[in-house]
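These notes open a run of structures that come right after.
Two complexes are shown next, each including subunit A; its partner changes from subunit B in the first to subunit C in the second.
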Partner chain A sequence: METILNFAFLENLLVSMIRMATPLLLAGLGELYSEKAGMVNIGLDGIMTIGAGVGFIVGYLSGNPLLGLFAGSLAGVALNLIYAFSTISLRSGQTINGMALNILAPALSTFLSRTMFGVKTTLMKGATIGNLSVPVLSEIPFIGPILFKAHPVSYFALFLVLVTLWFFRRTKPGLNYLAVGEYPRAAESMGVNVTKTKYLSCIICGFLAGMGGAYLTTCYIGAYAEGVVAGRGFIALSAVIFGNWTGAGVLLATLLFGLADAVQLRFQVLFRDIPYQLLSMLPYLMTIFVLLMSNKQSNEPKANGQPYAREGK
Partner chain B sequence: MKIARTLIRIGVSVFSILLAMATGAILILVIGKDPVVAYGYLFRGAFGSLPSIGETIVKVTPLIFTGLAAVFSYQCGMLNLGIEGQFIAGAIVSNWLSTLVIPFSGPANTILSLLGGMIAGALWGAIPGFLKAYRGLNEMIVGILLNYIALLFMSYLFAGPLMEANIPQTAAVEQADRLARILPPTRVHLGIVIALATLIFVYYFLYYTSGGFRLRVVGSNPIAARVNGLPVKRMTILSFLASGAIAGLGGAVEILGVSYRLMGGFGAGFGFDGVAIALIGQLNPIGTGFVAYLFAVLRVGANTMQVGAGIPSAIVDVVQAIIIIFAVAATGLVSLPEFQKFTARFAKKEKGA
Partner chain C sequence: MKRYMYLVFVLLMVLVLAAGCGPKAEPTAEAGAEAAGEEAPASADSSADTKTDGEKVWRVAMIANTPIADGGWNSACYAGMTGAAEKYGFETAYSENVAQTDYVTIFTEYANMGFDLVFAPGNEFTDAVMEVAPSFPNTNFLILNGDAKADNVMSVKADNTQMGFLAGALAGMKTQTGKVGFVGGMEITTAKQAINGFHQGVAYANPEAEVSVSWANSWDDTAKGKEIAMSMVSTNDVDVFFGTASAVDVGVREGLSEFENRWGIAQPGESLDQNPERILTSIITDNVALIGLGLEKAQSGTFGNEVVEAGVKEGVLSIGLIGESMKDLEESFMKVYDQLYEGAITIDYELK
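Moving on, here comes the complex of A and B:
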């Protein structure tokens, strides 16, 4: 054991943790924006899936993974607009609409990739966006490789956490936004356009979750396979609950889930005699365990998940 | 009024199906193929010969189970998304019991394996129900996470302790222990009879027993149910137990009827298909049966279409998903006050004339 638990191992583990937490953090923040406007979107996994599929296809065909990342994010927006229209304008149930996205997205991604590439037995590898080294700082031992040699998308996600904290705490539009999730009637009477805010929340959620999915295929693996998202959307949903609906909470929760993923990946390499299937269960078991630990005194928006109809309708 | 509402519900489903088929046709046009030819292959593939009709019946069997599992939980207001895991749990246990545990062969082996699978599904399904009732956990998220765990456990088993002869699959259920084929030369087996019996049972229970009535009250108005003294927590767990039992029985039937062994890809997609089928079937067991058959037809026909017209069979999954999008959206639309007013005016006019 002592040969394993050394500095190099810990460094690898933490680097891997940040890498695995990034897609969860993006999707989790997307869901946070959605739920702050009262829109519970259980279709997060589907949005990530379409992001992963479209992201890879565009990145592969154009040879430009950055374009793929962007296209994947936009695909997430497009998909989530179905959810937005059906739940906001037609006032149908959020849960079943989210489920519909989870069913539609894998089908659509597979269809698109089979139409573009046919059924191939070999996994196609596309280009990926590499890591970003901050000069000088990345040379610091231990801390350097972990914090200053990370992926640009990871930096972007961290930056978004700060923006989120600032937006909801310090700005007037942020407070108005929160009012939509807490007391939509009151927000409306104060002149906030509830419907518009809800649509906006869905666009943000679609973009970020789509990017989270596209990160997997344009930054992390560079290939698309069915099931690549592997339930990460649901883990991100859990992160919002465990993070008690705050930006910082979501960050901590996703780092924890990223760590679980990193541990099982490292262990797969180190302990080859443990069946990898059992190790792969770790992130899912960890998520259930963490949900059990979530406290009940929650910060959840009061009108979360409820349909909204304007007064007099 | 009740008849009118039923008609609207059936109308919503039929309309969604037709609209989705039309959308599918547009998609086929977009990729440069002829939709008429494509759908021709599809329906010929599903109905063209006795073996193909038989194949649709083989394919509908597990879908009826997973669809009913979804109906049962959703009628109690719980969306059981762990159906795939429960289906797999049932399959694992029935295969294990039949091939390794039960020392004798024949119908007794089959029946015990079916029961074992059912119990395994129920227990696996009880976990999200229990965590929901007593710890307030989101039952949908827990259900999905348990799917991944069941799937990984299954692949651990067939590539490890239950592996047969260095191929990643388990031993097959013996000939004498399988569910009998009832329509040779097709692969149709007794499972379809069990599925239809389950369907009738679920229908009867939900609409003609006081237990079913209470279950639906909890589903439609949990607060009223609690105020009236219904044990909401216990019913939540019970609905998950029952839903899991139906799914587990489905997994056992699939193993004893067609698959015989566990291997890579077993059970994939059955859970979400079940949820989709239940939603399009408007949570009615009989509607669910019809929609399950439609899904089976699409699935069987898709392979013929892929070979004949060169269109990826995945388009069928897209069409199925679009049906559910339309069905969900249309259900929302018809309950909008604007739409209600519109139909009320229409009804009044008819009365006046």
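Moving on, here comes the complex of A and C:
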């Protein structure tokens, strides 16, 4: 047990937790903005995939991973506009359109990367954006490496959580935005442009989820493997439900996923007698357990997932 | 409203097309012709078995359960197939990302399309092959790393235990902390064989060294690979890594770059240029030779009822370019390789 209960182990565990939670948090926040405007987007995984693919290609070709990160985010927006157009303007089902993104994106991303790099026996390696180290503060033992030596994108994601809390609680546009997800007809009658808000929500969602995907290939590892997203979009999707549709909730949920995964990887090394399949289940078991324990009132927007028709048809 | 319905319809058509090109690409005659690409000019009707001059067009198809560009196992197999196909004058086709439930369907379709040889790169395809093969006596099935054989089924396998042994011996020699690590994708037979060999190799070179094993539960989650490497370093001070988890291995080696004095051993293709400072060497499996064996036998009509196992002695396993960080060990490591070649080292193949 002494291998677990020491500061070095805990420090590493928490650093690893933040690193693994970052892409989930970005995509989760994107989905939060989407659902707050009543747009359930299960295409999150697809958006992350295209973000990862385009992000890597642009980052590799330009030699500038930051540009790649940005391009990946924009690719996410572009892809999500397909979803936005068919669900908002054409009012078709959100689930089926989200699913379509999940089918389209991996194929498109594979097509793009093979057009660029062909089929090689090894993966192409690109540059990555390194960690940020806050001077002086990062020297503080234990807390320093965890909080002040993280990745700039992790800080950005955490900052976004604060912005989200402030936006939805304290600003008028934020309340108008919420009204679109709760009761769009009332919002419309008060002069809120529902269609515009819904489109905006899709742009934000595409941008953040695309960035979450691009983070994987331009910040985490400088390589693009088809399937690198590995279902993270779906985890982020569940983090929004798990986090009860609040910014802080999404943050906690993604950190919990990150922690559980970090713990299970370390336990595989430390406890060799436990079958690894059992340990791999840990993040998911933890989710079920916490969901069972919590019986709060649901914060889900009332008009979530429903198409909105202005003329009332 | 009618205009909208029309748009929805067009969009659906586009999506259906996109889905068609998606992960579960069905084998089509076009796919065959397309994949044959540069080497062989695709005949106008590639479902016909003869060219205009009456010469037989040999065709081989590969099925993969991950992308063929995974930078690991299936990339190596695909390169092996195209390499061998070029040598023996075959046209090629492939289906990738095939789910386990679709194995039988895809095999049946290729056989129905009259392919001469269907290449199944992995023991996990064995059951599906044995189910399909009896119904198509004119199509030969080649299983890589399998144990099955029948009239039109043949298995070829690289000696994974030897591969693991070589990597283990090198890891044992190189380690400074006395801790070495193995990263597996999923616990399949070939991975178990490699681990078995790895343990023996480490014990041979450095009986004191300790082996840590970790499973990614994935073949393509590179990010998880990086996380595994970092957790192994931080919890157990592992300093030499070997893995058989395809794209995950790339992430593992990326994780090593964050620390001083940590190294990786690559497989199955030449990978030194990926990370010349951190990769010691690559244990190379010559898939062209291995798969070529099947193609050659298919052409000469001697295919079937055979399991061929090939390792160092047969020239299928070899050592790639030597990295800067193992120059000092090159001589003693090549000695182990030579001993394995001469049969002076006996390996226990029994899986525990």
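Here is the rule we go by: the second predicted complex is superposed on the first by the 277 of 313 C-alpha atoms of A that agree within 3 Å, B and C clash if a C-alpha of one lies under 4 Å from a C-alpha of the other, contacts with A are read in each partner's own complex, and residues count from 1 in each chain.
FYI, a contact is a pair of C-beta atoms (placed from the backbone, for glycine too) under 8 Å apart; a residue touches a chain by one contact, two chains touch by 3 or more.
Model, not experiment: these values are computed from the prediction.
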{"item": "Subunit B versus subunit C as contact partner of A:12, first or second or both or neither", "value": "second"}
{"item": "Contacts of A:241 with subunit B and subunit C, given as first, second, both or neither", "value": "first"}
{"item": "First (subunit B), second (subunit C), both or neither touched by A:262", "value": "second"}
{"item": "Partner chain(s) touched by A:230 [first = subunit B, second = subunit C, both, neither]", "value": "both"}
{"item": "Contacts of A:93 with subunit B and subunit C, given as first, second, both or neither", "value": "first"}
{"item": "Partner chain(s) touched by A:106 [first = subunit B, second = subunit C, both, neither]", "value": "both"}
{"item": "Subunit B versus subunit C as contact partner of A:115, first or second or both or neither", "value": "first"}
{"item": "First (subunit B), second (subunit C), both or neither touched by A:280", "value": "both"}
{"item": "First (subunit B), second (subunit C), both or neither touched by A:137", "value": "neither"}
{"item": "Touching both subunit C and subunit B, counted on subunit A across the two superposed complexes", "value": "82, 86, 90, 92, 100, 103-104, 106-108, 110-111, 114, 119, 230, 277, 280"}
{"item": "Residue ranges of subunit B in contact with subunit A within the complex", "value": "27, 31, 79, 81, 131, 135-138, 140-142, 144-149, 152-153, 155-156, 159-160, 272, 275-276, 279, 312, 314-315, 317-318, 320-322, 324-325, 328-329, 331-333, 335-337"}
{"item": "List of subunit C residues in touch with subunit A within their complex", "value": "4, 7-8, 11, 15, 18-19, 21-23, 66-71, 75-76, 78-79, 181, 187, 212-215, 217-228, 230-232, 234-236, 238, 247, 250-251, 254, 269-271, 273-275"}
{"item": "Partner subunit B, residues of subunit A touching it in the complex", "value": "42, 45, 82, 85-87, 90-93, 95-97, 99-100, 102-104, 106-108, 110-111, 114-115, 119, 230-231, 234-235, 237-238, 241, 275, 277-278, 280-281, 284-285, 287-288, 291-292, 296, 309, 313"}
{"item": "Contact footprint of subunit C on subunit A as seen in their complex", "value": "3, 8-9, 12, 16, 19-20, 23, 82, 86, 90, 92, 100, 103-104, 106-108, 110-111, 113-114, 117, 119-123, 125, 216, 220-223, 225-228, 230, 261-262, 265-266, 268-270, 272, 276-277, 280"}
